[in-house]
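Some structures to go through are shown next.
In the two complexes below, chain A is the common chain; its partner is chain B in one and chain C in the other.
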Partner chain A sequence: MADLLAQRRSPLAHLAGELAATGFMRELPYLSSYEVRADPAEPAMARLGAALFAGPLLAAAWPTAGRAVGTGPRYALWCGPGWYLVVDEPGTTLESAMAGLPAVDVSAARTVLELTGPFARDVLAHGCAIDLHPRAFGPGSCAQTHLAKAQVILHQTATATYRVFVRASYADYLARWLLDAAVEYVRRIDE
Partner chain B sequence: MSQPFRRAAGGRIDRSRTLTFHFEGRAYEAHPGDTLSSALLANGVRVVARGPYTGRPRGTYGIGAEEPNAFVQVDSGPGEPMVRATQLEVYDGLVARSLAGKGSLGEEPDDSRYDKTWAHCDVLVVGAGPAGLAAAHAAGVTGARVILADERPEPGGDLLGGRAHLDGRPAMDWVTDLRARLAGLPEVRVLPRTTVTGAYDGNFLVAVQRRTEHLGPAAPAHVARQRLWHIRAGQVVLATGAHERPILFPDNDRPGVMLAAAAAGYAWRYGVLPGRRAVVAGAHDGALWAAVDLVDAGVELAAVLDARHLAGGQAHRALRDRGVVVAAGHGVVGTDADADGVLTAAWVAPVDGDGQARRIACDLLATSGGWNPAVHLYSQAGGRPRWSDDHAAFVPGDPLPAVACVGAAAGTFDLADALAEGAEAGWQAAAATHGGGGEEPLPPATDSVASAGAPAACWITARADSPPETIFVDLQRDATLRDVRRAVGAGMRASEHVKRFTTAGTAADQGRTTGVTTVGVLAGLLGLPVGAVGTTTYRPPYAPISFALLAGRDRGRLLDPERRTPMHERHEADGAVFENVGQWKRPWYYPAPGEDLDQAVLRECRAAREGVAMMDVSTLGKIDLRGPDVGEFLDRVYTNRFSTLRVGQCRYGVMCRADGMVFDDGVTARLAPDRYHMTTTTGNAAAVLDWLDEWLQTEWPDLRVSATSVTDQWAAVAVVGPGSREVLRRLAPSLDVSAEAFPFLTVRDATVAGIPARVFRISFTGELSYEINVPAWYGLALWDAVAEAGRPAGITPYGTETMHVLRAEKGFIVAGQDTDGTVTPHDAGLGWAVSTVKPFIGGRSLARPDTARNDRKRLVGLLPADPSVVLAEGAQLVVDADAPTPVPMLGHVTSSYRSAALGRSFALALVAGGLTHRGETLQAVDGGQAHPVVVTEPVFYDAEGARRDG
Partner chain C sequence: MLSVPCPWCGPRDETEFRYGGQAHVAYPADPAACSDAEWAGYLFMRDNPKGWFAERWFHSAGCRRWFNAVRHTVTYEFAAVYAPFTQPPGVPS
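Up next, the complex of A and B:
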């Protein structure tokens, strides 16, 4: 297994140094993720909720529009009506819990860029049309939107921490775009 | 003496520092806080530009965004064409030169940074004059999210350098106080040097912020030079002020003729005398107050003229106190100039009748016909300005939802009223969006001023015999009264028509000073009330925006996303030349040292046909389909049947649009009874997913099917050629790769190179081949493992060009290349894949007489008579290239290559009548040259399919 994991390469491994140099961006590689498409009222969804999150999670507890539930590392993100992205730590296999549900393992389809700190919101605002002000967004909010010219799922996990889920093939573009957008802010940290 | 027109003291400039700049090749001095216009005036430079058509000298005319004359070319820094000298902040090392109408882009690429941002707020206040400041403050104290955008370097508007008092103190003290208070409100954002250029539906506004230009060479390279703001506002308060308008008269374009309040502004805001001896001519109180300001600044007033027959009022008294008597009912009827064209005298006469004109020597002629409220954004947002006789101006008409106009922008010119109006609008706007809160701030107290009387709508003062071609209605376009008269003579009545006929109002200044004046002149010629003629339409952008800013960071490598497969860096290391396929970067070919495209492709093709080759096929669209009804769904979507497919099997499928034309094709596998894996062409992946979702959501919501894109989940390597089985055997020792155990068109889960994989035995080349799919993060490891396992057999990586040659040799189409939306499956030779017993999307259309015609364009093969000629794709096919035009066209070449296997060139084509032309010689015409070609079956290689099992 260790040999197998060593063969992986994340979509942004080649930019890890540049992302780290900004002081507020990094890749969260290899997160497990599943797209689940089902009515939250279905019994199988309630069972899945119970299995994923400690204690029974009733239909109402699946996230409503624009929201994510979970407190990390495991989250369920609302992507659309009857459409959720379940995210967990790398290597977590949720197949058995999802048996009987239309759930697709998309762990390798996306990678995650995490932005953290006082400039995260400003940097995102350079390419994201939605309002990320705490009065409009905030921890526990998520949205499918565009960042620059890439389709992303944006999930705010904490006061100044955002996860950007981006398709693996767009990750290099988006990371380079973010690195460019971050230039002014990186200097402000230095100064 | 340096800066001979600089006053001894005063102005919002930093006299402790001296800057050097160059204009027209000469060095001058200035102070921080100067604009190029104020600095040139301080140095006595009166000629700043020239008329674009007349070549007449022109000087600074206004003091801000309204400027029609003083446009310059900046040559320092990245350079900038057509910059208003009135807004160009002087920096050390500024180099500028005069323009005649238009500037030019620099030769060197501009490597400055430009960026964009999105912003959201409860209240956007446009303009930081007194009304705007009061509005922003009143909104801000409620805790609302406020953006205050102002085009000047610092807030204050007309209070800047002015002599008004608020709460008994100089007004600038109040401005300073308010700035500090705004800075203390965390949800208030003040954007200086920011011009709101567009107001669109839903209170979406666009603003341009000039961030580092004023720093010149000291501008930090890492800071974006300009920023484009996309602002979504709950409420908008327009405190955009007003633009001063002149009165027109003969030779009104001479350097030395200026707007009156602008002239006074130079004296007090910049500490510069705009002249030493002035004639002031106006038609409203504002002109008289400008005269007071000029005389107090040390300008000798040779005459003050007022077109109105009024006396009394505070301004008259103030002038009388200074020994100046206003000549009521008088105006300017001409000017004189020196050899350089610069003003030397004004001719003055009564405005009524043709009284004797009097010559008055002066070097400044300050004119002011009134104030035009800046209704541009109000108008852009959908408002219709209305003429007000009380204001002698167009003012905002019916109110707009969620947009308020305040202060001078609303025609409220009294300072006290403007402050109160601004504060109330800001307070109400915050209440409407944020809910309000806190205590409403009171506007500061002001002294009330007794007016002499209402402004007059005075457009032109001239004698009956004054030549109309000397009366300029648009200085930047050199348009004159004669042009307007000609327009009317040609039958034009509408201001929009006259604008286009005369070009008045169409220049970069958009006729800000004289647009309304032109309307007034037109109304006079037509004998109509001004309001009946109306203004022209104001459209975005209010001020020009550079293309560099519109591009933002979307240039060079970031112009458009480059999608990369997980193996991208290996392809780069292997020297691949890339090709764009949609947004993907795909290896096109892998040239060995010294090889060109043709040589590389021939080598790659030979490897795939005779040995073993490999290709990165990760970009193929992949869709995971789940649910009990997937089989039924696919039967409806594909022309052929998929519900009968057994688990572990694959099938080639064709999709049509409802019109029966080929949309996409690909191989789809059944992984489980309720689970299929669909593949699409690389370029159509998103379109196919949308198509499936549309049918599922709108037509067949009863089908229990969910579709998920897994294009990025899987990386895939195609191992191709007679040697591929051996390579796979090495990589997957536990997989029985024999033809019997792993037959064509089946799929197997296996461990390949230690990686959990899904292996499809499918072929896009006709050769034995396998497509190995692994989770994307193993893609690079898989590629390397395949290369390693194939090394003894000389495995050869190949790119899209070779792929195309190989598939075309087999007559396999590429949807979108060999089809173009007018090709049915039958036309493309895919009739065998069209079910005659089940319904499918497009099936009904295939029963139409037109789709059954025998002379439809159908897929054929072509062999050029000269085997070394590779036909141009798109070349037209005709029977006789020398036939008289129009030459009947039979079809065109869709794919054309040189084949290693055939040892010659070949092509696919769509030809009317298709294979009825088999064996005939047609002409393929390209670039005027005709190449004879023989029509053949579209399968050139291994027609019997003997090679697919290796």
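Up next, the complex of A and C:
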């Protein structure tokens, strides 16, 4: 297993240098993610919520429409009614907590691009039709939508910090599109 | 571009959706008893009104839910969105 992990390549490993050169984009490879499809009112979902988000977020329970909840690196993103994406650090296995629920490990399906800084929102807005202004889309917001025609999940983890979940097969296209969209802002950082 | 008010995700661009045609087309109670004309009518014949029209939409790039909407075929205005298998709330005349 260790040999296999040493050999794997993330979908954007070949663009790591170019992303880093922008100063505000990077790939977060290999994040664990699980899709959970269940009514949040089910007792099993309450148990899972308590197991995943013990502590201050227990009361918050599962996120409502367009929202994400989480503590530290672990987030639950609302994808649709009764449809959640649980995201955690690479290598985290949550199977035991999800036993008995319709949950699937989809870690390999997507990779994550993280954009931070004052220009993150402007770069995303070039290719995204939803309103990303803080009054409409702030920290803790998430949305499934199109970014430059690629289907993505947008998640704002903190002020001016966005995660873009994109399918591995679209990652190269989307990263190159973002690099192109970021050109003008990279120059502004230099000045 | 139409802005389609998804009942779950809010207003989104039309390109995130698939169009599902006329809503409330009932499946024949006994398909085997249909004549060819009746079956063809069920399969192919749809209303094409100039005005308010109840139709189905699928938010394929978002929450991936089907829903019904009442849309004006001239002004493209949406009057209501509502759950599948329910009747439209107060269709404007």
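Basically, the second predicted complex is superposed on the first by the 183 of 191 C-alpha atoms of A that agree within 3 Å, B and C clash if a C-alpha of one lies under 4 Å from a C-alpha of the other, contacts with A are read in each partner's own complex, and residues count from 1 in each chain.
Definition applied: a residue touches a chain if its C-beta (ideal position, glycine included) is under 8 Å from a C-beta of that chain, and two chains touch if they have at least 3 such contacts.
A quick note: this is a predicted structure, and the numbers were derived from the prediction, not measured.
**Q** Check the contacts made with chain A and report whether chain B or chain C touches more of its residues.
**A** Comparing chain B with chain C, the partner touching more chain A residues is B.
**Q** Mind working out whether A:66 is in touch with chain B, chain C, both or neither, as first, second, both or neither?
**A** The answer is second: A:66 touches chain C but not chain B.
**Q** Once the shared chain is lined up, is A:80 touching chain B (first), chain C (second), both, or neither of them?
**A** A:80 contacts chain C only, not chain B.
**Q** Considering only touches as defined above, state whether A:177 meets chain B (first), chain C (second), both or neither.
**A** first
**Q** Scan A:108 for contacts with chain B and chain C and give back first, second, both or neither.
**A** Touch partner of A:108: chain B, not chain C.
**Q** For A:4, decide between first (touching chain B), second (touching chain C), both and neither.
**A** first
**Q** Contact-wise, after the overlay, does A:129 reach chain B, chain C, both or neither (first, second, both, neither)?
**A** Touch partners of A:129: chain B and chain C.
**Q** Looking at A:157 after the superposition, I want to know if it touches chain B, chain C, both of them or none. Which is it: first, second, both, neither?
**A** In the superposed model, A:157 contacts neither chain B nor chain C.
**Q** Which residues of chain A are in contact with chain B in one complex and with chain C in the other?
**A** Shared contact residues on chain A: 129-130, 149.
**Q** In their shared complex, at which residues does chain B touch chain A?
**A** Against chain A, chain B makes touches at 113, 115-120, 145, 220, 222-224, 230, 232, 553-554, 557-558, 560-566, 568-569, 584, 619, 624, 626-627, 706, 708-714, 754-755, 775-781.
**Q** Per the contact definition, I'd like the list of chain A residues that touch chain B in the complex.
**A** 3-4, 7-11, 14, 29-30, 35, 37, 102, 104-110, 122, 125-131, 133, 135-136, 148-150, 167-170, 172-174, 176-177, 180-181, 183-184, 187
**Q** Would you mind writing out the residues of chain C in touch with chain A in their complex?
**A** My answer: residues 8-10, 12-13, 15-16, 61-65.
**Q** Contact residues on chain A for chain C in the complex?
**A** For this pair, the touching residues of chain A are 65-66, 79-81, 83, 129-130, 143-146, 149, 151.
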